[in-house]
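To start, the structure itself, in structure tokens.
Every chain is named by a letter (A, B and C) in the order it is written, and numbering of its residues begins at 1.
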Amino acid sequence: MSLNSIFQYFVPKDKKFFPLFEQASLNLIDIANALNEAVNIEDPSKRKEAYKRVRDLEHKGDDITHQIHLELGRNFITPFDREDIHTLASSLDDVADFIYDSANRMDLYHVTEMTPVIKELALLIVEAVEALNKGIQELRNLKNVRAIADACVRINSVENKADIVYNKAVADLFEFETDAIALIKHKEVLGTLETATDKCEDVANVLESILVKNA
Amino acid sequence: MSLNSIFQYFVPKDKKFFPLFEQASLNLIDIANALNEAVNIEDPSKRKEAYKRVRDLEHKGDDITHQIHLELGRNFITPFDREDIHTLASSLDDVADFIYDSANRMDLYHVTEMTPVIKELALLIVEAVEALNKGIQELRNLKNVRAIADACVRINSVENKADIVYNKAVADLFEFETDAIALIKHKEVLGTLETATDKCEDVANVLESILVKNA
Amino acid sequence: MSLNSIFQYFVPKDKKFFPLFEQASLNLIDIANALNEAVNIEDPSKRKEAYKRVRDLEHKGDDITHQIHLELGRNFITPFDREDIHTLASSLDDVADFIYDSANRMDLYHVTEMTPVIKELALLIVEAVEALNKGIQELRNLKNVRAIADACVRINSVENKADIVYNKAVADLFEFETDAIALIKHKEVLGTLETATDKCEDVANVLESILVKNA
């Protein structure tokens, strides 16, 4: 692939975008870990603080996204197409939004019992953003296009697993939950958690698109 | 930004696309106002006519979108990338679709009581399309890139507000609504209204992408 | 339109991508037919096998998508923009995913009674993928840009019909279904079927975007 050569020309010049994308994806690891902590706190009254950390990290993510937009306004030369930088930044931001949404809904809807499925999905989100982070960290030197492609495959596989877990959990709700309102509430929370992994897959799609465009 | 200079070259030539985009976004103001009127009519039997106006305006929007596609087929020179014109037209059309969907579902599901939250979301949709219209009207002469960027920030802020209103309203439903079917129905209607503001944010994303691409 | 001339130059060279896209869209016809068969089997115990066929065909679709990605890695010259090949392949894959999701949810949620609305939506999915296949088969020689545009119009019209059927069916559920959990379950299944036609519309959007970009 000629991708490496194209990028090697630009990469030494770019000290703006790659560090910001790396910050954004490291922040996703932090926010996913904060969500994972929240769902593993047994005492509901102590979860508030973990939820607050998720929200603060979501705001930090917003600041990084805003920073990328500012740099796009200032810099004429970018390591890859300007619109792809914009799309990648937005798609990373969406992941943070849905992780925050998950925490926020569990908080707002007073979800007190953290079921094994909630914990499983929170863990899959951590796995997905860890794979995503590996892909993003490789964007910089692009010595290894394969590493990015592998990260995308990994993200897709985690999303697929989350899909199966979600569908099974909803089937169980239909089979065993007799309180309709409790059913809706749990379905909603599980759906938001599952959507967070969908948003990771969207980032993988953007990464793949950048790869094929520049190959 | 070199955006102005690039556009100034093309703008005098374009008498096709900008007027159509302006019509489309003015039509969004009309349709959002029609929805807002509908939810503020106290007598349910009198709402039918307002719902009909929403539908008629949605059809008018379809015609404008179709017109943009026809012009794309006829014109070789376009004020910005052809596929971005297509994407912008589609994204404006999606806003009209979801405003219509909101009205249509309230009508079909026999939602007779217009709660304060429904009114609040309808008003936020008006705010979002007004900001959106400001951005679209500035596309033409692009003397002021900042004005478009500001419109996008405004849209994002309205969408964020709608998100908070929606999440709080659903939390209230879970807390106070004991009739599960009424709960689902209201959640569905609120969700459609909120999605209309999401679609405004998607237009903002397209506008931002066009800006960064041409900067 | 200059589209034909541009494509005629490339088309003779391409023996990779068009056959794969054709396989992908023919596979969508198979999977839509398999779903349609499943919902028309009266004895629930005999549906398992039809569901399994849907799943197998979804896996076959995954293999074709993977093949397209591999070819993108190997080939420098592509019949149209590399990122559009990637987007088109992904959007076709999404259709297969949602057809499979529909079958999978009916299976997992133990939906035993196949209502007229379920059958109607399954038939509309068949109609949508047949129109889609016509558009895809025309991509190869592109003698007739109009044929692709017509296929897109047809897909949009089927999606629109599915929307109306879905909204009416949900309104009926709200009016006549008194068991909230049964209501949620049916709404979910109908929603997934309807989303499959939305995904066909997304493919139509990608096709239109490719047309306008290359016109």
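Rule of thumb we're sticking to: a residue touches a chain if its C-beta (ideal position, glycine included) is under 8 Å from a C-beta of that chain, and two chains touch if they have at least 3 such contacts.
Only a predicted model underlies this, so the values are computations on that prediction, with no experimental measurement involved.
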Size of the rotation, in steps of 5 degrees, that lays the CA trace of chain B over chain C: 120
Proportion of interface numbers common to chain A and chain C (over half same, under half different): different
Rounded Å distance between chain A and chain C, as computed from the means of their C-alpha atoms: 27
For chain B, residues that touch 2 or more chains besides their own: 180-181, 184
Sites on chain B touched by chain C in the complex: 69, 72-73, 76, 81-83, 85-87, 90, 101, 104-105, 108-110, 180-181, 184-185, 188
Chain B-facing residues of chain C, complex: 1-2, 167-168, 170-171, 174-175, 177-178, 180-181, 183-184, 187, 205, 208-209, 212-213, 215
